[in-house]
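Here is the structure we will look at.
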Amino acid sequence: MFYSTHDLVAIVPELILTGFAFAILLIDLWLPKRAKTINGLLALFGVVFSFASVLTMYNTNMTAFNHMIVMDKASNFASIVMLLTAFVSIVMSFDFLKREDYNLGEYYEVLLFSIVAMQILASTYSLIVMFIAVETLSIGMYILTGFLRNKDESVEGAMKYFILGSFASTFLVLGIGMFYGLFGSTDLNVIRTGLTHASALYKWLAILAFLFVFVGFGFKIAAFPFHSWTPDVYASAPTPMSAFMSVAPKAAAFLALLRFIVVGMGPIEANWTKILWVIAVVTMTFGNTVALWQKDLKRLLGYSSIAHAGYMLVGITAANELGYGSVMFYLFAYLFMNLGAFAVAEFISQKEDRGTEIENLRGFGYKYPLIGAAMLVFMFCLAGVPPTAGFVGKYYLFSAAVKSHLYWLAIIGVINSAISAYFYLNIVVIMYMKGEQEKEVNVFNSIPVKAVILITAICVLYIGIFPSSFLSAALNSVVF
Amino acid sequence: MTGYLVVSALLIAIGATGVMIRRNFMIVLMSLEIMINGAGLFLIAMSYYLGNVSGQVMFIFIAAVAASETAVGLAIAVMMYKKKKSIDINDFSILRK
Amino acid sequence: MKVILLFVILTPLIGFLINGIFGKWTKPFAGVIAASALGISFLLGLFPILSVLHGHIVEYTYFTWMPFKEVVIPFGLRVDYVSAIMLFVVTFVSWMIHIYSNGYMAGDKGYARYFSYLNLFVTAMLILVLGNNYLLMFVGWEGVGLASYLLIGFWFEKSTASDAGEKAFVVNRIGDAGFIIGVLYMVYYFGSVTYSNVFPRAEHVLGYGSTAATIIGIALFVGAVGKSAQFPLYIWLTDAMEGPTPVSSLIHAATMVTAGVYMVARSNAIYSLSPVAQEIVATIGAFTAFYAATMAITHKDIKRILAYSTLSQLGYMFIGVGIGAYWTGLFHLMTHAFFKGLLFLAAGAIMHSMRGLLSIDLMGGLRKYMPQTATVMIIASLAISGIPPFAGFFSKDAILGNALEMGHPIIWIVGEITAFMTAFYMFRMVFSVFYGEEKVEGLYHELHTHEAPAVMTIPMWVLAILSIIGGWVGIKMGGHVPIEWFVAHTAPTTEVAHEAHYSEILLMGISVTMGLSGILAAWLIYIKKIITAEKIANMFKPIYTLLANTYYADEFVYCCIVKPFWWVSTNFLWKIVDVIIIDKGMVDGTGWIAGRVGKGLRLFQTGFANNYAYWISLGIILLSSWYLFVKII
Amino acid sequence: MDINQLHFPILSVITFLPLVGAFVVALINEEHENLIKYVTLGFLVLDFVISLPLFFYFDPTTYHMQFVERVPWIKSLGFQYYVGVDGISLFLVLLTTFLTPLAQLSTWKAIDKKVKLFNITVLLMQTGMLGVFISLDMFLFYVFWEVQLIPMYMMIGIWGGPNRVFATMKFFLYTFAGSVMMMIAIMALYFLHHKFTGTYTSDMVKLMQSPLPYHLQLWLFLAFFIAFAIKVPMWPFHTWLPWAHVEAPTAGSVLLAGILLKMGTYGFLRFNLPMFPDMTHAFALLIIIMAIIGIFYGAFVAMVQPDIKKLVAYSSVSHLGYSMLGMFALTQVGVEGSIMQMINHGISTGALFLLVGIVYERRHTRLISEYGGLASLVPAYAVFFMIFTLSSIAVPGTNGFVGEFMVLLGAFLDKHIFGILVAFGGIFSATYMLTMYKRVFFNKVTNPKNLGLSDMSIREWLYLVPLLVFVFWIGIYPNAFLSKMRVSVEHLLKQVNRTTVVTPAKNEQVSMVKTVVVKKG
Amino acid sequence: MEGIMFYIISIITVGGGLGVLLSKNPYRAAMWMIFSFFGIAGLFVMLHAQFNAMLQIIVYAGAIAVMIMLVMMIMDRRMLESLERFNPQAYWPALIGLALLADLSFLAYKFKINMSNVGKNLTINGSNTQMIGEILFKHYLLPFEVTAIILLVALIGAVVLTKKDIS
C-alpha cells in the first residue's frame, strides 16, 4: 500500500490552505505591527485559491489515502460553503481585529487550520479521521472563542466550549470504538456492508454506537440536548468568529453526519429516523422558544442557530435524496443570511465586542437605511419568508419531510418557523417601529463589514428568487 | 472482555461525574482525561479481542488529541486564573439564560 | 312609448341629480325644478295610462339587469291595470305635494336637499310601481325606504328626527328580509321573478292551497307589514312624523306606505292560491285597523293622530286585499291617497302658521284664521269618516261589504267599529282645532297665524276635490263598478265558493250610521261638552293610560329587544367572546404558551458549565436507555 | 390550453412595474417628498392603465387561463413562473390595480413621516398582491402570498397607531401561522399528485384535475382552509382584523380590506373548491354555518364598537361571511355572487376606510363619540359617506345589493334555510352602519373641535369619485362583470361536482369510484 | 492468575479515578490521576498493547500530568486548595453519573463481538510496535498527518491564549 501524488490531488484544497497557514506563521514573525493586515490578506488569498481549486475540481470523484478521504461533489459543495464562510469571516475580521488591538497572525492561522479540518471532516469516510478532524476543528474553535482573552465573556465561553466539547468527544470516541469492535473497521463502507448482513444483536449494538457517535456530531451541529454551549459561545466569541462558527463547522458536521448516517447507517434507517425525529423536534422547539426571550442579538442568533440545526435535521430525518440535498442547500442559504446577520451585529458592536443588545438597533432602519433594509432581509430570511433564500431552503427541507410522509414533523417545523417569526420580526420592530434611539450609539464604521452586509443581502435575495441552479447543485451533490 | 469494558464504563462514568460535580477547573480537566482514557481502554480492548491492531493505532491518535486538548485546556485555565485569580468554573457564569 | 315610459322615471331622477349635485347653485329654483320634473313625469305618465285604458298593457324591457344562470332579471317597466292606478296616484299626488312644498319649505336651509330627496323618493316609488319584476319592485321598495329615511331625518340636527329615520329604516329592513325571502322562493319555484312569467304559471306551478304559495304569500306580506306599517312593525310610522309634514303626507300617508297593499294586489295570482295567506293578511289588516284607531283616540298631536289614522286605514286596505277583493284595497288606496294626503297637507298648513305647534290642546277656533284650511280639512275628514258622497265612503264601504260577502263577518264587525272610531277621532280633531274657543289666550296673535299662501292652498283644493269625486268610480254603473272592472283585468277578485248576499243598501246604511254616530259623539263631547274628555279618560284610566302610551310598544321594543341586544353584543359577544375568549384566549394564548415554554426551557441555560454537562449526559442516558432497556428487554 | 391573446407579457408587466417603480423611488432623495409621491402615483396609474386591456381583451367564452406566460423557474422540481387569469381572478387583478392608486392618493397628507419608505412599501405591496392573483403555479402563488405580508407588516408597524406593534405582530404571525400550514399542504399536494399520476408538477391548472382519494383530501383541505380562513377572515379566525384595521394607516386599511382579505376567498376558489371536490361538499355545511355565524356575529359586534374603524373592520367579517356563504353554496349564482361580493367589499369598505381616513386626518380620532353633526359641517363628505354606507348595507341600486342578493339566492338555492337566515342579516348591517352614521353625522354639533373641519379637498374628491362610479356601475349594470366570470365559474363548479356526477344517490357506488381512483395511483 | 491481576489493576485504575473525583486538593487529585494512568497502562499490557502502554505512561502519566502540575504551580496555591469541592447541587448530577454508569455497564455486559481472533494479529515478529508502525504509516497516514495539525494548532493556541498582552 503506497501513496502517490494521486492521493495528494484529492487534498489539494486542504494543502493550499495549510500552505498559506504556514506562510502566515512564518511571515507573521517579520511583519511590523502596522502591517499585520497582510496576514489577513494572505489568509484571504489562501481561501480564494482553495476555493478556486475546489471549483476546478468540482466534478471530480476520487478517493485517496486508502479510502479515507474522498473528493466528491458533496465534499466540494461543503467546501464551497465553508470557504465562502471563511472568506466572509476574514473580511469581517480585518477591521475588527484592528479595533480590538488583537491583530495577530495566529488568528488567521488557526482559522485556516480549522478550515482544513473541516474540509477533511466533510470529505472522509473514516470515523477515526472524522474524530480527529472534529477535534482539530474544535480546538481551533476553542482558541478562537477565547481569542479576546481580556474579555470575561471570552474566557468563559472558551472554558465552557472546551469542557463540553471534550466531554462530548469522549462519547464520540466510545461510539467509534463500538463500531470498530463490531465491524473491525471505522470505514463507513465497511460498516455498511457489515450492517447489511448483521444479526439483530449487532444491529441493536450498532444503534447504540450510533447514538454515541451522534453525541459528537450533535454537539457540533448544536442539536438538543447537546446544544447548551451554543448561545454562550456565540455570544462570547469575537463576532466574526461567531459568524464563522455558526456556519462552517455546521456545514462540515452536517455533511459528515450525512455521510455517517446515509452511508454508514443506511441499513438501520428506520431506527435513526425515529431518533432524529425526536431530536429535530426538540431542537427546533427549544431554539425558537428560548430565543423569544433574548435581548442580545448575538445570543439570539445563537439560539436561532440551534433552531436552524433542528430544521436541517428535519431534512436528514426525511431520509431521502431531496432531504439531503435540501440540507446542503439550506447550509448554503444559511451561510448568507446568518453571516449577514452577524455582520450587522458586528456593525453595531462597540469596542471589546460589546453592545450587541437588540435595543441598540432602535431606529436603526432610518439611520442606516441600506443596512437596515439588509437586516430586514436577513430577518425575514431567517424567519423563512419569501422571496429569500431562507424560505426556499425551508421549503425544501419540509417538502422532503412531506415526501417521506413525515407530516407531523413538517407541521411542527412550520409551527416553529411561525414562532421564530416573532423574535426575528421583533428585531424589525425595534429597527423600524419603535421610534428613534435616544442614546448615542456609535456603530462600527468598517467598509468591509458594510460591504459584507450588503452583498450577503443581495445574495440572499438572489438565491431566494432564482434558486434553481444552486438547488440543482445541492441536490446533485449528495449522491453518495 | 466484559471486565475491561466495565472498567472502561467505570472510568467514563467517573470522569463524567467529575465534570458534572467538580468546580475546580483543573480537576475537571483531569476528569476529562480519565474519561478519554476510559474510552481509549474500550478501543484497546476491542483491538485485542478482535485481533486487529487498528484500535491501537487509533489510540495513538486519541492520545495525541487528548494531549492537544489538555494543552488548550491548560491555556484556558491560565486565562481564567489571569482574569479572575480563580479557576472555579462557577465563577464564570455571566453568560446565561 | 318605450322612451316615454322610461322618462316617467328618469325625469324625477334628473331632478334629483340636478338638485342633489348642484344644490348649492340651484337653491332658489330647487322647488320649481323638482315640481316641474314631477309635472312632466305626471304628464308623460298619462300616455301609458291612456294606453292601458285602451286595453294595451305597456311593458318594455330596457336591459338585462342581473343575468344569472338560475334566473335572469331584466330591467323592464310595465304599466298594467293595477300599476296604472298607482302611477296616476303617485305622480299626481306627488306633484301636488311638490307644489305645496314650495310654500311649506320656503326659507329652509336644506331647501335644495329637500327637493332632491323628494325627487329621489318619487323615482324609487315609480320603480316600485312600474318595475316589471319583483326584484325591481324591491329596488323601489328599499329605495323609498331610503328616501323615507333621508326625509324623516331631514332635520337631522334634531336627535328625535335622526333617531326616527334610523328606526324607520331598520324596521323596514325586517320587512325587506321577508320580501327578499319571498323573492328567493319565487326564483326557486318559477325560475323567474318577472310578473309576466310568474303570474300566468302560478297556479300550474304552485297549485291551489299549496304550502309554497302560502310561504311566498306570507314572506311577501312580511315585507308589506314592514313597509305599510302593520302590526307589529308599525312602530316606525308614528316616529316618522318627525319629518317635514309634506313628507308625512306624501310618503307616510299617500304613497309609500301603501306600497304593501299594492304589492299584495300585484301578487294576487299567488295570494289567490293560498287562503291561509289571505286570511293572515286580512286578519292583520283588521287588527291593525282597530288597534291603531284606539291609539288615535287619545293622542293630542295632530300629526300623530293622522299617523295612527293612516295605520288604521292601511289596515282597511289590507282587509280589502286580504279577503281577495283586490280592487277594494286599491280603491281605498287611491281615495286614501287623496284625503289623507290632504289631511296632512292641511295639518302642515296649520303647523306652518302655528310655527310648528301641533297639539290640539293649544288650538281652537282656528276656523276664523284659516278658513280654507278648515274647509278642506273638514272635507277630508268627512271623506275618511265614510260619509257619502265623499270618496272614502265608497272605498270603505266596498271593503267592508266585500268582507262580509266573502265570509268574514268578524272582520266586518271590527271594520265597522273602527269606522265609528275613525269618525270620532277625526272629528275630535276637527272640532278641537277649528271650532270652539281659543284655548291659549293671544297665541294666534303672537304667532301671526294666518291662512297659508296660494302655493299651498291650491294643491290642497285640488286634493279636496279629488277627495270628493275620487270615490265616484266606485259607483255601480252599467252593471259593474268601473274600478272593479278596471282592476280585475290584472287582479281579479278571488272567487269564493259560498258567496253570501247581503243587501247592499243595508250595509251602506250601517256604514254611514257608524260614521255619523262617530261624528255625533265627537260633537257631543267636544262641542257640546256633554261630558268632558277628561272625565271619560278618568273613568277608564288604565285603558286611557295604555292607549296614551301607545300600548307601551316602543318601551317594550326598547327594553326587551334593543337593550338586551346591545347588552349581549357589548358585554358578551364583544367583550367576552371576541376579546377574551377568542382573541386573548385562543389566539394570544397560543403565543403565550410558546412564550412560557421558552421561558421554562430557558432555565436549562443556567450559565454553569457543569449544568450543561448534565444535559448532555441526560440526553445520552435517555436516548441510549430507550434502546438499552425499553426496546430490547 | 392556454391563450395569450395579446402576445405581450401583460401580466408580468403589471406585476413587476411597481417593483421597478419601487427601485426608481428608492433612488430619489428623501427630501423631494412631492416628487416621490407623484412618481409613485404615476407608476400606479400607469399600472392601472396597462391593466385595462385585460378587461377589454378578456375572452369571456372560455374558462381557460388567459394572458398566460410560462417560463421554467426551478427546474429540478418543475416549478414554473406560470401566470394567467381567468374569469375569477381577472377582477381581483383589476381591483388591485384600481384600488392601490386611490389608496396611495389618500396618503398624500396623512403620511408625513418616512414618505419615501411608505411609497416604496405601497409599490412593493402592489407587486405582491398582483402576484397572488395571477400565479398559476402553487409555489409561485405561495411566494407571492407571503411576500405581500412584508410590506403590509411594515405599513401597519411603521405608520400605524399607538398599538401598531402589537397589531402588526398579530397580523403577521397569525396569517403566517396559517399560511405555513398551507405550505405543507402545497408540498403534500405536489407529492401526492406524483403518486397518483406519475408526474411532478405544481401547475395549479393540472392539480385541479388531480384525482385525490377521499382521506387525503381531508387533511389537505383543512390545511388550506386554515390558511385561507385566517386570511378571509372567517369567524372565529378574525381577531387579528380589528387590530390590524384600527392601527393601520388609511391606505393600509384600504388595501387590507380591499385586497388582502380577498386573497383568502380567492384562495378558496382556487384551491379548496376545484382541488378537493369531495371535501368541499363534505365541509360545505360547516363552512356555511361558520360563515353565517360570522355574518351575524360580525354585525352584532360591529354594532357596539366605539371606534369607526373597528366598526368597519367587524363589518368586514360580516361581509366576507356573505362571500364565503355564496361560495360554499356551490351554486352558479352563489359563487358568482361571492366574487361580486369580494369586488363590492373592496370598493365599499375600501371607500369607507378612505372616508374614515379623511376625517381622521383632520381630527386624529376615530371615536364615534368625538363626532356628531358632521352633516351640517361637511356636507359633501357626509354625502359620500352616506352613499358608501348605503353600498355597504346593500341598498338596491348600489353594488352591495347585487352581490348580496346573488349570495342570498345562491345560498337559498343550496338550502332554503341558509338564504332565509341570512336574509335577516341585512337588518343588522343597516343597524350598525346607520347608527354609526347617525352618531357621526346627525344631531347637533356637540364637540367644538369639529367646528373647524374643512370639507373634502379636490384630491379627496379625486379618489372617491372613481369608487362612486363603480358603486353604481356594478349596482345598475353588473352584467359587465358577471358575463366575464360566467364560464369560469361554470367550469369551477363542474370541477367541484366531478366526483359526485357519477350517480350520487348511492354511497357504495361513490366509494367504488373512489377505490378505482386509488388503484390507479 | 490473569484474573487476579486484572482485578488488582482494575482496582488501581478505578480507585485512581475515584480519587480524582473525590479529592479536594488538586495536587492530590493529580497524583490520583497518575495512579490511574498507570493502572490503565497495566491493563494495556494485559491487552497485548505494549506500545500503547508505554505511550500511556509517557504521554499521560508523564507529559500531561506534568503539564497539569506545572500550570498549577503558577497558580495561587491557597486559592487552588480553598476551592469548594463540589457543586452546591452535587447530588442529582451524581445520580446522573450513576445512571450513566449503569447504562454503560449494561452496554458493556451486552456488548458481544466476533472473538475468533482474540489476541492475534497484534504483532509482527513479536513486536507490537512494528505492527503499529506498519499500520500507522501504511494505512493511517492521513490521520497521522492531521494529528500533526492538531498538535500545531494546540501549540499556537496555547501560545496565543496565554502570552503576555500585546499592547
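Letters A, B, C, D and E name the chains as they come in the text, with residue numbers starting at 1 for each one.
Keep in mind that, in the parts below, contacts are C-beta pairs under 8 Å (C-beta built on N, C-alpha and C of every residue); 3 or more make two chains touch, one makes a residue touch a chain.
Everything numeric here is computed off the predicted structure, so don't read it as measured data.
*Asks:* So which chains are sitting against chain A and chain C at once?
*Replies:* B, D, E
*Asks:* From chain A, how many touching-chain steps at minimum until you land on chain B?
*Replies:* So the least number of steps between the two chains is 1.
*Asks:* Using the touch rule from the top, point out the two chains with the most contacting C-beta pairs.
*Replies:* Going pair by pair, the biggest contact count turns up for B-E.
*Asks:* Relative to the centroid of every protein C-alpha atom displayed, which chain's own C-alpha centroid is closest?
*Replies:* D
*Asks:* With chain centres set to the mean of the C-alpha atoms, which chain is at the far end from chain C?
*Replies:* Measuring from the centre of chain C, the most distant chain centre belongs to E.
*Asks:* Which whole number of Å gives the spacing of the CA centres of chain D and chain E?
*Replies:* 70
*Asks:* Determine the centre-to-centre distance between chain A and chain E, using the mean Cα coordinates as centres, and give it in whole Å.
*Replies:* So the centre of chain A lies 31 Å away from the centre of chain E.
*Asks:* Taking each chain's centre as the mean position of its Cα atoms, how many Å separate chain A from chain D?
*Replies:* 42
*Asks:* Starting from the mean Cα coordinates of chain C and chain E, work out the distance between those two points in Å.
*Replies:* Chain centroid spacing, chain C to chain E, equals 102 Å.
*Asks:* Going by the contact rule already set, what residues in chain D reach two or more other chains?
*Replies:* As it turns out, chain D has residues touching two or more other chains at 173.
*Asks:* Send over the residues of chain E in touch with two or more other chains.
*Replies:* 87, 93, 96-97, 100, 107, 110-111, 113-114, 139-140, 143, 147, 150, 153-154, 157, 161
*Asks:* Considering chain C alone, which of its residues make contact with at least two other chains?
*Replies:* Residues 591, 602, 605, 607-610, 613-614, 617-618, 620, 624, 628 of chain C touch two or more partner chains.
*Asks:* Who touches whom among the chains?
*Replies:* A-B, A-C, A-D, A-E, B-C, B-E, C-D, C-E
*Asks:* Taking the complex as given, what residues does chain A use to touch chain C?
*Replies:* So the residues of chain A touching chain C come out as 159-160, 163-164, 167-168, 171, 204, 207-208, 211-212, 214-215, 218-219, 224-226, 228-229, 231-232, 275, 285-286, 288-293, 419, 422.
*Asks:* In their shared complex, at which residues does chain E touch chain A?
*Replies:* Its residues touching chain A are 107, 110-114, 138-143, 146-147, 149-150, 152-154, 156-157, 159-161, 165-167.
*Asks:* Contact residues on chain C for chain A in the complex?
*Replies:* Residue positions touching the partner: 591, 594-595, 597-599, 601-602, 604-605, 607, 609, 611-613, 615-616, 618-620, 623-624, 627-628, 631-632.
*Asks:* Can you name the residues of chain B that touch chain C in the complex?
*Replies:* 16, 19-23, 28, 89-90, 92-97
*Asks:* What part of chain D is in contact with chain A in the complex they form?
*Replies:* Contacts found on chain D: 72-77, 114, 117, 139, 142-144, 146-147, 149-150, 153-154, 157-158, 164-165, 168-169, 172-173, 176-177, 180-181, 183-184, 187-188, 190-191, 219.
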